[in-house]
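Next, two complexes with chain A in common: one pairs it with chain B, the other with chain C.
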Partner chain A sequence: MAHFTKATSLHDWLNQRLAVDTLRRVLAKEYWIPKDINFLWAMGMVLAITFGLLLVSGIFLLMYYQPNVNLAFDSVNYTIMKEVEFGWLWRHIHGVAASVVFLIIYIHMFTGIYYGSYKKGRELIWISGMLLFVTFSAEAFSGYMLPWGQMSYWAGMVITNLFSLGDLHMNGLVEWIRGDYVPGQAFLNRFFMLHVLLLPLVIMALIGLHFGTLRIPHVNNQEGEEIDFEEEAAKYKAGKKAESKVIAFANDFLAKDMFVVSVFLIFFFYLVFYHYDFAMDPVNFDPADPLKTPAHIYPEWYFLWSYEILRPFSTNVGLVAFGFAQVIFFLLPFLDKSPNAKPAHKRGLFKVWFWVMLVDMIILTAMGKLPPEGIFSTIGLYAALTFIGLWIILPIITKMEKEV
Partner chain B sequence: MKDSSRRGFMGKAFGAVAGVGAVASLYAMKKTWDPLPSVKAAGFTTLDMTAYEGNVLVTEKWRGKPVFVLKQTPEMVEFAKKKNELNRLIKVGNDYYMIVLGLCTHLGCIPGYDAEKKSFLCACHGGTYDSTAMVTKAPPPRGLDIPPFKVDGMKVVLGEEGPEYKKLLQEGVTLPV
Partner chain C sequence: MRELKILAVVVVFTLITYYLVEPFAHGQMHKHTEFNNFNYNGKSDIEEVEHKIAVAKAANEPTEELEKKLEEKKQFWADVEKIAQLQGDVAAGEGTYAMCQGCHFEGATNMGGVTPPSLEHAGSLYDKKYLIALVKNPAMAMNVDHKFKDPAMHPMGAIMGMVTSDQDIANVVAYLKAKKAGEVTSKEAFVEACGRCHADRYMKWTQVGFRPAAKEDIKTGKDINMLKFEQKVAEEQKAVAEYMGKLPPDLSIIIRARSEHFLKTFVEDPQSQLGGTAMPRTGLSKEGYEKVEEFLADSGDAKRHERAELGPKVLIYLLIFAIFAYLWKKEVWRDLH
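And now, the complex of A and B:
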């Protein structure tokens, strides 16, 4: 048996059994963050906090929600909203956080793209992040089913129909996913399970992986400079903090991180208390009706860009384009052939590519919200073609890039 | 040496047992997600065809899905003949009826009917269909599907496959739903 001595304090008692000092040193005090970063580097912590908000508010909603096609709508819109004290608070936190989390995810992603933080040893950070994005999307979709309003029902119908894969007519697969010919009790129950158990478990595992992938390459910096972390850490520990290019994660960096989180939380709770309606589609306040499609079906804003890539084409082409849009971001580290892990403004044509991509995705998002008629259809079509074209030229323009 | 080969054997034996168990579990999990027998058995809708009026769309329900019934006026029958789409209509007695699943063949929204224009518009992605439910504007890849039916005097039973329906399937006028 290992040798234990009489503990001198609670800390010492824990330390002998759990090595809490070592854990703290490895995970926080001697985990090094470059100094040359800006507030965009705090988005990871903002996301972690937002996930925490979703988890806590979700736990309270779970206590009154009824996953039953006859009761679900009223359990949300009557029981939680009108009867349960502060029920509205949990629902509005949950709804607003579900929307805002995607805003932050997109900022986090585009920060990574801009600064080349998916290159030279950071590929797995990008891939695990994309896995998180996909799982968050599934989590958002399954959660959107639960109030069982008109938008829930018809979004469920349309998205599960995608799995018939156009002319392959895999109706059996669609019915298997739903457990019925149309979304019904079996469908609501299984999406409830996915939303409150399986997908959150996967998300938590992926967050662990995402942190793990960060450990060895460390976070990038504003100039894409390759830092010798051991050497810089040695300077820092020797007391030459001003000279060192790095600071410790805790408590130095964490203090700045949490400052950005505070600013975010003020903005977040402003939305929760005064502008929660942007996250609550009015159509979803009508109970699900299988015999009446709402006039316009559109997803929440964060899915609009990929929805707009589906929309202007015929079914099969649309599905291929949609599938392309879903997976192509995974391949970014391998399609970017440039030797430079530098910010976009130092990379010539890539800088143009970055801004065109960003603007194109905003246009796709706007067009996805508008009815598919006339000029909007045309703009949507060209924006979708631009999106696909940008990915085709990415390997070419990055291959031409000179080393800087 | 002897030791390690024994360990190797135990590893392989465990792998085999675990493999069989994993496949069996996946099979059970797949079957658990299948539609229940009660869901599958819920099923037949009988329509009395004398109750419909020309160019008035009626939405019936079959297996939880909407079914459009549109009795054709003489002009509509002429239109169908001209477009060579008469085979999409179901003849009961002396009248022709359009009986189709009211779900857009693109992604399953319910199209709306405009009796004046005699055409369907799907609001989701802008597809249109004519009065025999043939597609006239993409993205839908084909006309609305015809559900399995059996003509029985002046009645039509949805969910049963009569000879008329089987003929439509064979000729590729509609797809199995």
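And now, the complex of A and C:
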């Protein structure tokens, strides 16, 4: 057993039992971050804060929400929005955060793609990030079911129907997922469980993993420079802070992060108070009605691009394309054959690939919302084909890339 | 500065995406309906029939019936315009008003599907020309004439045989505009204009009145009065649903479910937004509509005042937070450069 002495202070008492000094050193004071980074590297912290907002507001909502098909709608729209003090505020925070978190996730992902931060030892950062993206998607979808409005019901119907897998006619699988022939009480209950327990647990574990994967490779920097962290840290510790290429996580990096977070929070709460409707679809304020299909059924904006990859094709082809879109980002580190872990502007054709991909995904997003008629479905088809084509040529153009 | 350039790129792409999925996509999904400023001159009714004629012609279907209807509508609204020019006599109108009270009185019960509403604030709630049209021919005024072969079959149709001269119509409307035009609360506005068809459970309103406070019997745990009340509601709803073909939806949270533009154009002319809908026009004036809207907002967006009050405070707090965060960053980074 370890040797304990009489503590001289609370700090000392804790230190003997928890090694708080060591923890602080390893996790903060001597956790090295490159100095040459921009505000895009604060998006991870912004995501962590937004997840915190979701968690806290969710706990408040959970105190009044009723997972019952007859009570759910009014427990949200009447009890929480009208009866409970500040219930409306928690709900708007939760709803807006659920939407904004995806905006930040997309920025964070495209930052990673632009700077090549998924290469050369950072593959696991990328893969754990993608696992977070998929789990967050499931979390958002399950949460959307809970108010039991028209869009909850019908989006639930349409998305679970995908699991019949076209001509495979796996209706048994669809019923197994729903717990019934159509969305009903069993369906609501299990999505409630997923949303408030299982998926948040998985997300928290994955955030831990994501942070763990960052530890050894460290985060990338604006120029993609390979840094000798030990040497640079030694300079920093010797007091040559200005000369060193690294900074400490706390307080150096943290101070900058917090400034970015504060600007983000202004934007976020502006949305919460003045512009929340983009995140809370009006259609979902009509209670679920199994007899009345809404005129337009569309997923939330962050799912639109993959929805549009499904839509322009016949059922079976569409499902294959959709499946492709869901997994392909996981493979990015292995499809990019280039020897360079550099920002896109230093990488020739890859730079073009990056911007075309970004614009293509925005087009897919827009077409996914519009009714699939006339010119819109033609544009959607070409955008979906472009998406697939981009992934096919990625290994080729990156293989041709010269080492810089 | 490089960071600002990067920020500009992020902001531009975000705004483009936002524009495409919100204003642009919704503009494409919902056809635009013109709002007539609570001006009831039959414009949209006539256009509706003209549109039907065009559709029938394109499909090579006979159009005589529709042509006749078109003439009838044009004539009707021209007559309304003429009556609106007449000088109404308030005192004479009071006599005519007695006929209205045959159906519209405190405690009236369902007739032909709905309970005639109270007319206590009809002068403020409804537009003058609409009232003229309504007394002249209720089915035509409400734009539900396609449902009645004989307009006298409309639940209020009997009025057509009672008030026949143009001057009488002008008189009774003048009476309403003079004597039934007091200050109206949002609650009264909703109850009188929409309440005979629509419930609003968040405001405890049913088609037969506000829900009484529950009072259970201590020994049995049952509330007999409430059960009786529920039965009355159920019977009334059945009658309304039979008349309308469906039960009109509860309007508790309609204010969040439809846009402002949709609601006002819908109330002005339901057919313009939902072709073939069973809901009749309600002919509200601007003032009447504002009161109804306030009631719907109290029902479905009750905390809007609290939200408006709290918003600036939170943002100012965060602004100060941001200033301190910036100063802290500057301080920490001083010896890093």
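Criterion: the second predicted complex is superposed on the first by the 404 of 404 C-alpha atoms of A that agree within 3 Å, B and C clash if a C-alpha of one lies under 4 Å from a C-alpha of the other, contacts with A are read in each partner's own complex, and residues count from 1 in each chain.
The working rule: a residue touches a chain if its C-beta (ideal position, glycine included) is under 8 Å from a C-beta of that chain, and two chains touch if they have at least 3 such contacts.
From a predicted model like this one, the values you see are computed outputs, not experimental measurements.
**Q** Answer with clash or fit: chain B and chain C placed together on chain A by superposition.
**A** With chain A as the common anchor, chain B and chain C both fit in the superposed model.
**Q** Of the two partner chains, chain B (first) and chain C (second), which one does A:Val283 touch, if any: first, second, both, or neither?
**A** The second partner, chain C, only.
**Q** After the superposition on A, what does A:Val46 contact: first (chain B), second (chain C), both or neither?
**A** After superposition on chain A, A:Val46 lies in contact with neither partner.
**Q** Counting only touches as set out at the top, which of chain B and chain C does A:Val69 meet: first, second, both, neither?
**A** Neither partner.
**Q** Given the touch rule stated above, what does A:Met81 touch, chain B (first), chain C (second), both, or neither?
**A** Touch status of A:Met81: second partner only.
**Q** Can you report the vertex angle at chain A, computed from the C-alpha centres of the three chains with chain B and chain C as the arms, to the nearest 10 degrees?
**A** That angle rounds to 60 degrees.
**Q** Which of the two partners, first being chain B and second being chain C, lies in contact with A:Arg311: first, second, both, or neither?
**A** A:Arg311: touches chain B, not chain C.
**Q** Using the superposition described at the top, determine whether chain B or chain C touches more residues of chain A.
**A** C
**Q** Figure out whether A:His296 sits in contact with chain B (first) or chain C (second), or with both, or with neither.
**A** Both chain B and chain C are touched by A:His296.
**Q** Chain B to chain C: minimum CA distance in the overlay, Å?
**A** Distance of closest C-alpha approach: 10 Å.
**Q** Mind sorting out which residues of chain A both chain B and chain C touch, each in its own complex?
**A** 295-296, 371
**Q** Mind pulling up the chain A residues that touch chain B in the complex?
**A** Per the touch definition, chain A meets chain B at residues 154, 157-158, 161-162, 166-167, 169, 171, 175-182, 184, 186, 190, 290-297, 311, 313-316, 318, 371-373, 377.
**Q** Could you pull out which chain C residues touch chain A in their complex?
**A** 2-3, 6-7, 10, 13-14, 16-18, 20-22, 24-25, 28-29, 201-202, 249, 252-254, 256-259, 300, 302-303, 306-307, 310-311, 314-315, 318-319, 321-322, 325-326, 328-329, 331-333, 335-337
**Q** Quick one: which bits of chain B touch chain A in the complex? Just the residue numbers, please.
**A** 30, 33-36, 39, 59, 61, 63-66, 105-110, 123-126, 138-141, 175-177
**Q** Could you pull out which chain A residues touch chain C in their complex?
**A** 35, 38-40, 74, 77-78, 81-82, 88-89, 103, 107, 241-242, 247, 251-252, 255-256, 258-259, 261-263, 265-266, 269-270, 273-274, 278, 280, 282-283, 285-286, 295-296, 301, 304, 358, 362, 365-366, 369-371, 376
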